[in-house]
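Chain naming follows the written order as A, B, C, D, E and F, and within any one chain the residues start at number 1.
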Amino acid sequence: MKLLLINPNSSAGMTAGIADAARAVAAAGTEVIATQPGFGPASIEGHYDEVFAAAGVAEQVRQAAPLAPDAVLIACFGDPGLDAAREATDAPVLGTAEAAFHVASMLATGFSVVTTMTRTCVIAEHLVLKYGFERRCRGIHGTDIPVLALEEAGDTLLAQIEASARTALAQDHSGAIVLGCAGMAGLCGTLQQRLGVPVIDGVAAAVKLAEALVGLGLRTSKHGDYATPLPKLYRGWAGPLGW
Amino acid sequence: MKLLLINPNSSAGMTAGIADAARAVAAAGTEVIATQPGFGPASIEGHYDEVFAAAGVAEQVRQAAPLAPDAVLIACFGDPGLDAAREATDAPVLGTAEAAFHVASMLATGFSVVTTMTRTCVIAEHLVLKYGFERRCRGIHGTDIPVLALEEAGDTLLAQIEASARTALAQDHSGAIVLGCAGMAGLCGTLQQRLGVPVIDGVAAAVKLAEALVGLGLRTSKHGDYATPLPKLYRGWAGPLGW
Amino acid sequence: MKLLLINPNSSAGMTAGIADAARAVAAAGTEVIATQPGFGPASIEGHYDEVFAAAGVAEQVRQAAPLAPDAVLIACFGDPGLDAAREATDAPVLGTAEAAFHVASMLATGFSVVTTMTRTCVIAEHLVLKYGFERRCRGIHGTDIPVLALEEAGDTLLAQIEASARTALAQDHSGAIVLGCAGMAGLCGTLQQRLGVPVIDGVAAAVKLAEALVGLGLRTSKHGDYATPLPKLYRGWAGPLGW
Amino acid sequence: MKLLLINPNSSAGMTAGIADAARAVAAAGTEVIATQPGFGPASIEGHYDEVFAAAGVAEQVRQAAPLAPDAVLIACFGDPGLDAAREATDAPVLGTAEAAFHVASMLATGFSVVTTMTRTCVIAEHLVLKYGFERRCRGIHGTDIPVLALEEAGDTLLAQIEASARTALAQDHSGAIVLGCAGMAGLCGTLQQRLGVPVIDGVAAAVKLAEALVGLGLRTSKHGDYATPLPKLYRGWAGPLGW
Amino acid sequence: MKLLLINPNSSAGMTAGIADAARAVAAAGTEVIATQPGFGPASIEGHYDEVFAAAGVAEQVRQAAPLAPDAVLIACFGDPGLDAAREATDAPVLGTAEAAFHVASMLATGFSVVTTMTRTCVIAEHLVLKYGFERRCRGIHGTDIPVLALEEAGDTLLAQIEASARTALAQDHSGAIVLGCAGMAGLCGTLQQRLGVPVIDGVAAAVKLAEALVGLGLRTSKHGDYATPLPKLYRGWAGPLGW
Amino acid sequence: MKLLLINPNSSAGMTAGIADAARAVAAAGTEVIATQPGFGPASIEGHYDEVFAAAGVAEQVRQAAPLAPDAVLIACFGDPGLDAAREATDAPVLGTAEAAFHVASMLATGFSVVTTMTRTCVIAEHLVLKYGFERRCRGIHGTDIPVLALEEAGDTLLAQIEASARTALAQDHSGAIVLGCAGMAGLCGTLQQRLGVPVIDGVAAAVKLAEALVGLGLRTSKHGDYATPLPKLYRGWAGPLGW
């Protein structure tokens, strides 16, 4: 199967790193095709960054139609453009936060999220509510590590994230940790070993859930809310993206 | 005061119509400056359309900084880019659906929404939940009238919307009607007269709420979730929009 | 427009103070007519006090019919008699807590309430739930300052309220402060300056929202739940108040 | 034990009828002392009526202190003044709707309410939410029978209520019926026989729950929210009712 | 009336102790018939223990049919088998947690639970949600006292539970304490005296609520969800338990 | 990987059918080991049946320890014994309803459940709430087809289920159908073809989700709520099942 992995920010370097993490868990028959928008922010750390990223995700899904991907993965914890992407294709589309929340709730009665900037916690809160995990998610903890600092994560950052995770487990009475940034994928194994609880990287989770959906022969519903966009005029740089 | 009214779709004609409706209720001292993005869909009828519109709203708020608007109004019932706009300015920012919901809940114990395409009802549902009106909003009713058809709304359309509103009042035990599209503003007075209940046009509501907030000397909070975007690289056509 | 401001407690001195605060934000064309019930508690610090105040509000609205007010404002943070008043008039009626919650939620993703007696926090909690702000209101903090002590508020009281607000902002991850007592109006400006976040006085908020509703030509819905009271016998001192 | 039954409306005739219904289920050792306020509406059919009734309940509880009742029952389905009464005494206080909801939820997974005026349904809805029965209560159905018409309820009224109850059971998938007016007590037995499901009269339910609480030696908590009212000046006719 | 008290664990000694506590509050005419399953765990401290206990409760209700009990009490705070028991009899069935939650919410605006093992708190949380007390129950506190240690509870255990209750009252702003284990019944009186707030033992609460329901002539609804089990083959040791 | 599939009812024939359906979607390397309890009901159509089934699931998981399964699947739509099984093993455990709900919510904004006996709908409702899908699940529809009748499902049954699904899609504005009984697996493909929307069989969904979790190297959390059962005496037939 062809899995289209879209990194919603415009950093090709981060795309490569995330794609490596995805390929590390992908099944033998899964081809990961990684891409990112040609425009927009180098990292996503707030609502303003996010709207450009969401438009970028929509653009990438639209342009990838000739590839006929079997599934699509939005590799950012804010799941920008998820609903738009589900309109734009009938392949299953998975978000990173969405996938992580689903997986965590199958392994523990409650989980905590450890993320980057505190100012982005509210984005995770909105997703928790939208997806229905408000009783399963017992806490969202910002570490105030900038997203791009994760690319060269060393021992200090790891120790900081580990400490935040330990606090979360104790305070929230949680049984699992969700990593709240696609850029944290590389730390997942080490953290799980140190903490002794399930630690979930949403990108890896989304890869395996995408394979599961494809294996079930299921497609995004085109009946109702995710029906194909209506044909209409698109103006400016978005001109070619209308239906 | 200067009120920046952003029509999130790219139709200048619709901008003009909405601006007229806004000016009709604006106070003497309120100058309505109307604009729309230079790119994106001619109307917003789904999640795919909406992500481009949200990016357009962010762009317009960013570019309007030299104007120093006293308040910002996002003139589309899906409130695209609302949180992004609140990061990008410290002026108060009002969404159309948001304003309509707030106003309706001050006038009746429950209200119903009458909107355009049934496929967009889920967008309104998400806003209802996000804003906390899930017990006040007792029903969302699609009429399957295309947004652009509203520009030349005649008696047939009006009758169709009136019928849908009557059904909503009876089925939902509601006391007020919220019009679920910025393009319905022109029908508001007639509908209110015919139905005998408050009929709320979100654009007008947002104009008056914006004036109220400015009158109170209140600004969007820059403490926490709506802090100014972090400085970072923006690529491509969005290059000039980064902080 | 004529704005009927009802102070639900029986202290004429407090009425005068609140009316001054209301007039300070009212538009040029807004006439504030302030009154209070002739019976009941000198301040409202619990459910027992509140039921007498609610009856007093209903009495005042009923008796003010000849004045034909354009809007009514219930100037106490518990919003006593709000639904009753909405039955008794078709003018828009605003509660103090209600107005403050609506305004705060347009300026920040979350707000905290700082109020007087801890024992009244549960009243605010019930209002938060009734109005649908349970996810926006992140904390309600009692200072255990008696309501009447606010009339002669000096630097010590101000410092105490400021400290409570700072704690609230930090603990609750809030972006705005709502003052939980009509008697705190005078402190609003100073607190906002010191705290650097929006500080909302509900009475001022209600004045401007009332002006907004009147400006929109909207009235309380008489269809359904807020229909005019049914005609019936009223006994005792309430005899003249029946319909 | 002495059970103070307060009929919150001012109709002594209705008090007598409700007291009879209460005595019919009371234990041998339970003395029912029935009373009603000397002021206010002859029946309660809306929020306006209700605020006077709530003040009347508070007055009656306050004046009954010398009687030292072991428990208090507020015999109206809107539970007016319940929280105020709990401040004013440390005897257990039961509301009619409250008692009915608790009892119904021990007998069926879901129940429906059949009440009088449709315009009062919203009052029951607010109580359902306040008490936490929003998932147990599957429907609230108005019959538009005036409260005072119940005093001389004949076969036609009974048939109307029975029909409404049958509709409720079928539409709501409910297993029990709650009668939404203290004046319906006399119909409870007949309805239960005809419908073949539990039919709950809230006054009877409150009598037995009051006996249960007294039997457990439990009193209303004076720690926190229901602490005795603070001493303060009460003005006008309410002068003697202050603490 | 005959009250069938089922201790869901298999410890006859604990049955005797709970039966004594039940008889201490039972009315003169109430005969308490106490029993426990012949199989399963000696105490219930987790979901695994609980499923065996639930099957044991179902077995005991089924086998007790010839006794024709007037009411059934499940004497364990997790209420194992409550819905099953309600299908298996038309007598009212009360759970221990259920009864305690109902009673506590009639005495205070909020309550806290003090229980045994922290790992069982999640069971109480699920019940709180199932019954609709998620806003009334303000905290669930584990003491990590093993259930069987309660049988010989001395001063140290009492002090530990008292300390936990004091912390709960302060942290949770609660007005009442619910004891989260049927084995804590003996401590109820002493704790109430020391804490000065209502302390609720669920077994005693369930006895009095069962008497109340029987006094009202109400039975478990057989319409819908609690209809008698359908006849079918049961295999193995459960063979005689099928319908 | 070894996947332990437990059919919670005692019908070996149904086990074989479900195992076939599971094997049809399992990956090449997945060995499905199917079993059922030696005791309890031949089908599960209510809470009474369910408690025996839950004990049977716990027994089977306990006895399967020597097999060291990599994952466990509880093949009944009520997910009996799910939490107990998660205590009894550190392999991932999936329930049928749980898996179906998770998968459906990745494909549509809302789904409807079509199940067997109407009396079991309340069990599905409780699961929907427990798992957090109360906003995604828009309706649960009983067909009143007995579970065992599904074993020989012919065209009439299929037509009945199809009709119920069409009604559900229209009434509930849903985009996907969840089959509410493990015995409906064989109809899934045909229904999906006829309805043109995703139709989800929970057993198949659980197989693929189990493979996904195993592929991620994740295990059930043993920190907190799902910790291994505490060692204690088990009596009677359950004697060997204690820890």
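Assume contacts are C-beta pairs under 8 Å (C-beta built on N, C-alpha and C of every residue); 3 or more make two chains touch, one makes a residue touch a chain.
Since this is a predicted model, take the numbers as computed values, not measurements.
Looking at the partners of chain C and chain F together, the chains they share are A, B, D, E.
Seen from the Cα centre of chain E, the chain whose own Cα centre is farthest off is B. Two chain pairs, A-E and D-E, are weighed by contacting C-beta pairs, with D-E ahead.
At the interface between chain C and chain D, over half of the residue numbers appear on both sides, which makes the contact a same-residue one.
Mean C-alpha positions place chain A and chain F at a centre distance of 28 Å.
Once the centre of each chain is set as its mean CA position, chain C and chain E turn out to be 44 Å apart. The multi-chain contact residues of chain D, meaning those touching 2 or more other chains, are 83, 109-110, 118, 121-122, 129, 135, 173, 224-226.
In terms of inter-chain touching, the protein chains here follow a pattern that is not a line, ring, star or complete graph. Contact between chains, per the stated criterion, is found for A-B, A-C, A-E, A-F, B-C, B-D, B-F, C-D, C-E, D-E, D-F, E-F.
On the side of chain D, the complex with chain B involves touching residues 118, 121-122, 129.
Per the touch definition, chain A reaches chain E in the complex via residues 109-110, 135, 173. Considering their complex, residues 10, 37-43, 45-52, 54-55, 57-58, 80-81, 83-84, 86-88, 117-119, 121-122, 126, 129-130, 146, 224-227, 229-230, 232-239, 241-243 of chain A touch chain B. The part of chain E that touches chain D in the complex is made up of residues 25, 27, 83, 92, 94, 98, 102-103, 105-110, 131-136, 169, 173-176, 196-198, 200, 204-205, 208-209, 211-213, 215-216, 218-226.
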